[in-house]
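Two complexes, one shared chain (chain A), two partners (chain B, chain C).
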Partner chain A sequence: MMVGILTGFGVALFGFVWQTSLGGISRKVVARLQKRYGPKWYQEFLDIFKLLSKRATSHGWIFDLGVIMALGGIIATAAFMPVTNDIFAFADFDNFFIYVYLIAVGMLGMAMSASGSGNPLASIGVMRALTTMLAYEVPFMVIVMVIIKHAGTSSLRGIAMAQQDAGMWYMVALPLGFIVAFICLLGMLGKKPFETYIAPAELASGPMVEYGGKQLGMLFIMHEITVFIEVSLFVHLFLGGAENIFVFLLKYFVVYSVANLVSNVNGRFKIDQVVVFFYKWILPLAMIQAFVALYMNGWWN
Partner chain B sequence: MDIFTNVEFIILLTLGFGVIAYLVGRYNKTAGAFATIIGTAITFLAVAYYGLNGELDFTADLFPAFSYGFSNLGIFFAVIVSFIFLMVSFFNPYFVGKYKYPALYSMLFMFSLAGAMGVFFTNDFLDMFFFFEFVVWTSLFLIPLGGSKKAATMYYGFSAAGSFALLFAIFMIQKETGRFNMETAFAHVFTTKQSVVIFFLFMFSGFAKLGAFPLHIWLPKVLGKAPDPISAVFSGGLEKLGAFVAIIGIIRFMPMAITDTAGLFAYLNATAFLSNGMTLLQLIIGLLGAMTIVFGTLMAIRQDDAKKLLAYSSMSNGGYILVAIVLMDSITFSGGLYHIVAHALASTAAFLAIGAVSRQTGTTKMSELGGHIHEMPITYMVYLIAIISMAGIPPMGGFISKWLIFQGVIDKGLIVIGAATFFGSIGSFLYVFRPLAALFLGQQLPQFKDKVKEAPILMLIPLLVLSALNIVTGIFPIQSMRFLNINAVLNELGLQSLVFNGWTIAGHNGGLQATLIAGMFGIGVVIAFVLFMLLKKSKQVGLMDTYTAGNFIYTEELLHYSVDFYAPLERLYEKYINIMKNFYKSLANKVKEFGRVTKYFFFTNKPEITVFWIIVVIAFLLWGDIV
Partner chain C sequence: MESTKFSPITKLSKEEVDRKWWEIGDFFRRNSLWMLMYCTGCCAIELPPAMTSAYDMERLGMGPMATPRQADVLLVTGYLSLKTLRRVIYTYEQMSEPKYIVGFGSCTINGGIYHDSHVVINQLDQYIPVDTYVAGCMPNTEAVMNGFIDLMSLIKNKKADGWKRYKKNYEWYKKNQIDSLGEVQVHDEYHQ
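Let's look at the complex of A and B:
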């Protein structure tokens, strides 16, 4: 158990370092896309450590407590994440629902802290973040439900290994579901058609508006680990997980980069458009995929 | 202390305390309210201690007309409901003074507890109906003390419809089995078409009491308008009577054995429908449960009154309980039972926290409040823990129950019901966050500055106990389930036991180790806390010292965002919210019209018409003799 716990926090640390580096690289990629030179690949690290070392302002105890709860919740979530078939913290407890719900503790902490700052822009950001969540989470869960039902397990590693054994990724087996889940992933990552809740030019970064110094630094760490969890989840669910660490890094890199590129050629939806988009197009697609996969598989077997 | 093991004595004692509370309350209202604390405490201790140890005595000596019988399900419900009454009773001394009839309030409070205990312990359907009505009539007079007569009439209307459905079902059962006894009825295998009718009547009654779609209209009205402690009692306790009836209906009277049927009834029982072993009947109830979830969630999101918001949330959670029960799968069913516990604890804590705010500030409107975390930090933490559980986030009890429910929904491959449960689960983040942000966070409004204090210590006791239990049910679910004998309840209802492997609950597609999750969360928070403390200390600034994009703003209201929080989302569905309300309104109009027609024909002041009807009636009565 002790080894498991330590491995878990190792995974969280690894996720932070890897995602932060990758974040730096994608900033460079985006810069080239926009014909700029771009910052160094380790710029994100510099930003975070600079923030952590600066003296900041605080808006009361809930402002601080929320940040601690946010980072703590996300670290705990990442600790359950398997990286490859062999690198994982807890063999039997990498249950899908843990990620969906434990990640919510972190989100709640952040929302609480942001609202506690007393800035209306932060509250509007939180409102939009929660609304976006209501939009993307339901279709995503419907697709994951199909995967769990098909694989017979909700363990992420089990789902990944089932795909490896069958030689068929769910990306291919559930093509519609893959599209749905990828669009939902864009929503989860707060990438551009759905980045309404950050909207820098409109809301002054939404929930983040009041933060500076160590609180902002910790929220940056939290954000990087959150992205790590969400993209890894996607890799395990749809791309057959990873036999070894290099395969994992490669798959992760591809998913994140594609999401990043898609994001950078898109505009931004209004918040009601986000909801309508997901409930008008994405949820029916997910339902169709689920219906076909669950009730019509007898037709060609 | 042997006498306390007797169920009849417990019920009579509870009634007796009601009378005492009334008499004492006539002279001193607060003393009367304190009597309710003592009364509920004794009832709860007796029911929980002897009930969970299996030592209750069910003989009825004084009133042999009533008979009681042992059932694990009854004890499970009795423990929860009496506990909720006990927790709420601590609020009574601070609230009775506000109401017009404080002594009556204390008495009815105890009486409705006695009625609820009767429902859970009796083994005779007719007695059950009696106790049901007893609860309805006592709680009926508690509701208008909050100031709304309309809520009480609505409650009575729906409750009466539910009760009469139950009565019809009981008579039909009696016709089949010849007795009112429950065991006889449960043992009887219903093979005729009537069993479908019995089932639907039971479901109608359960839906009406639980406030499930489409019989939900009364619930938000009552919970929103009733006195604050009564709202908590309804949400955590009395509403669960509906779950009790629904469980009996689904588990005992689901028509499984109809043999001589054709047509519609055959379809209702077709299991091969979706190749997942569910009958059409189950799907119908499940879909209604799903609609309850979605409807409750959408309505909760757009409320401005915190109590009404929690009322709709109760409705949505009732939907979860229905979905969990109707799948008839042991894991999901245990999830449903655990959800009853988790929701009772969380929802009561939330209602009481809002009640505390309401007592200190005089309102529950979210648009009028703000920043109370600075005066009421303990109430805030209680509310926070309660909503974490309500939203189904670990490490609280709600997560365990939702996890168990999802197991069955996924295992059966129910797409629409699944989507609805996921929607309700995510939607609950939205609505529970709303009071958190509007009541406690945000700017400190000047009209409340230095005027509001933390709730008094006696009110904090139940709040803290409920919070502790919210956490305990989340961290130690296996121990909690063992404590409440959940496996005994499952076995009694003909379902398999839930499997525990050490600290792990076994589900359909993996295990759940709640303690590990909570532990990791704890360690994660400690790491974050250490990191936070190691870094440079922050400078404390006021709430008005915020980024305003260069505008100069000096009034708190302008920086407080709490009115129409989810306006962009609400706008998308606000056209459709009144569909059910309009349906009932037009139904009421039709009834009124029919009444007017009847009145026109029968009750006029024209003598010739009256004479005409007298002749018709006499002719009808004498039909056989003359012709």
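Let's look at the complex of A and C:
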């Protein structure tokens, strides 16, 4: 048990360090895309430690408590994440629905804290974040249900092992579902077409509008670990998990970089366009994939 | 008899420890300056080339931020009328410490071409503490980048202490502000 808890913290720390380095590399890639030199690869670390070294204003105890709840909730979620087939903290607790439930603690902590700041832009940002979530969750869950039905288990490692045994990733077996899930991943990560709730020029960075100093630093750490959880989920569900750590790092790097590149050649949707886009185009695609997979499943196995 | 083999570990005083931590913090602060741009003056036109591919400010770790709470540097780009001065003071007081100000152009130094106008202030330093200036009307983009490098070396040498001066001489700054702006006439949330 103790070893499991320590491993869990180790996974969260690993996720933070890896995703923060990768975030810096991605900023460099984006800079090269725009014909700039770009920041140092460890710029994100500098930013986070600078924020932690600043003096911050508080807007009441809900504001402070929400930040701690957000960070704690996300670390607790990351602790359950299996990295490879062999590196995991808790053997029987890698069910997909654990992440769905636990990640909500962190998100709601952030929403509570942002609302506690009393800034109207923060409230609009939180409302938009929840609306976006409502839009991308439904098609994503449809595809995940199909995977769970086909793999016969909802354990994340089980799904990854099933793909490795069959020698067939769900990325290939469910091509439409892969596209749907990738677009949903862009929504989860808050990447460009669905960046509506951050919108620096429109909402002054949305939920984060009143944060500065230590609280913002903690939210940055929380954001990095959230990205780690979401991309790792995607790697395990669609890219067949990982046999060892290097395969995991490679797959993670490819998924995050492609998401980043797609994000940086796109504009931003309005919030009603986000919802209409997901319900009008992505949800039917997901339904077609589910129908094909469940009723015409002779062709892949 | 006391051994002479090992020199005793000198225990650092609290001030020494604080100073060392502050220097570590300064390293992070000067390598990751987030700007809040107060772009009402004409010098603001020099910022897009400084940010985009021509000069690429991001390689110094600088970037634009959306709100005063998140920002470290306040860029006052050009002249300030009495109406905008009030907003600049609110904005400056909302920023989290340590905070720095860069004044752009001759308007913030001595009034520039607006030196005899009745609605434009002449010296920004009388109202809020400016850490470094970028002179010129308007300054070249190289001068702007140089100004940022200057600010970084000032932070390194512990000379960018405008926020401390503002706290220490708050009465003096407040008196200057009230002398110029006058008393608040309208009492609502936008004018307090």
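The rule is simple: the second predicted complex is superposed on the first by the 297 of 301 C-alpha atoms of A that agree within 3 Å, B and C clash if a C-alpha of one lies under 4 Å from a C-alpha of the other, contacts with A are read in each partner's own complex, and residues count from 1 in each chain.
The rule is short, and it goes like this: a residue touches a chain if its C-beta (ideal position, glycine included) is under 8 Å from a C-beta of that chain, and two chains touch if they have at least 3 such contacts.
In this text the structure is predicted, and so the values were computed from the model without any measurement.
When the shared chain is aligned, chain B and chain C each come close enough to touch A:204. By the touch criterion stated above, A:249 is placed in contact with neither chain B nor chain C. Using the contact criterion defined above for the overlaid structures, shared-chain residue A:5 touches chain B, although it does not reach chain C.
When the two complexes are overlaid on their common chain A, residue A:55 makes contact with chain B and with chain C alike.
Chain A has more of its residues touched by B than by the other of chain B and chain C. Contacts of A:115 after superposition: chain B is touched, whereas chain C is not reached.
Legend: residue contacts after superposition of the two complexes on their common chain; A:213 is shown touching both chain B and chain C.
Of the two partner chains, neither chain B nor chain C is touched by A:179.
By the touch criterion defined above, A:155 reaches chain B but does not reach chain C.
Under the contact criterion defined above, the residues of chain A that touch both chain B in one complex and chain C in the other are 53-57, 204, 209-210, 213. Looking at the complex, you find that chain C touches chain A at residues 24-25, 28-29, 31-32, 34, 52-53, 56, 58-59, 61, 64-72, 94-98.
Touching chain B in their complex are the following residues of chain A: 5, 8-9, 52-62, 64, 67-76, 79-80, 90, 92-93, 95, 97-98, 101-102, 104-105, 107-108, 111-112, 115-121, 123-124, 126-128, 130-131, 133-134, 137-138, 141-142, 145, 148-149, 151-155, 158, 204, 209-210, 213-215, 217-218, 270-272, 275-276, 283, 287, 290-291, 294-295.
Considering their complex, residues 27, 31, 34-40, 43, 46-47, 49-50, 53-57, 200-201, 204-205, 208-213, 216 of chain A touch chain C.
By the touch criterion stated above, chain B contacts chain A in their complex at residues 274-275, 371, 373-374, 377, 380, 384, 388, 391-394, 399, 402-403, 406, 409-411, 413, 415-416, 418-419, 422-423, 426-427, 429-430, 433, 436-437, 441-443, 504, 507, 509-513, 516-517, 520-521, 523-529, 531-532, 535-549, 559-562, 565-566, 568-569, 571-572.
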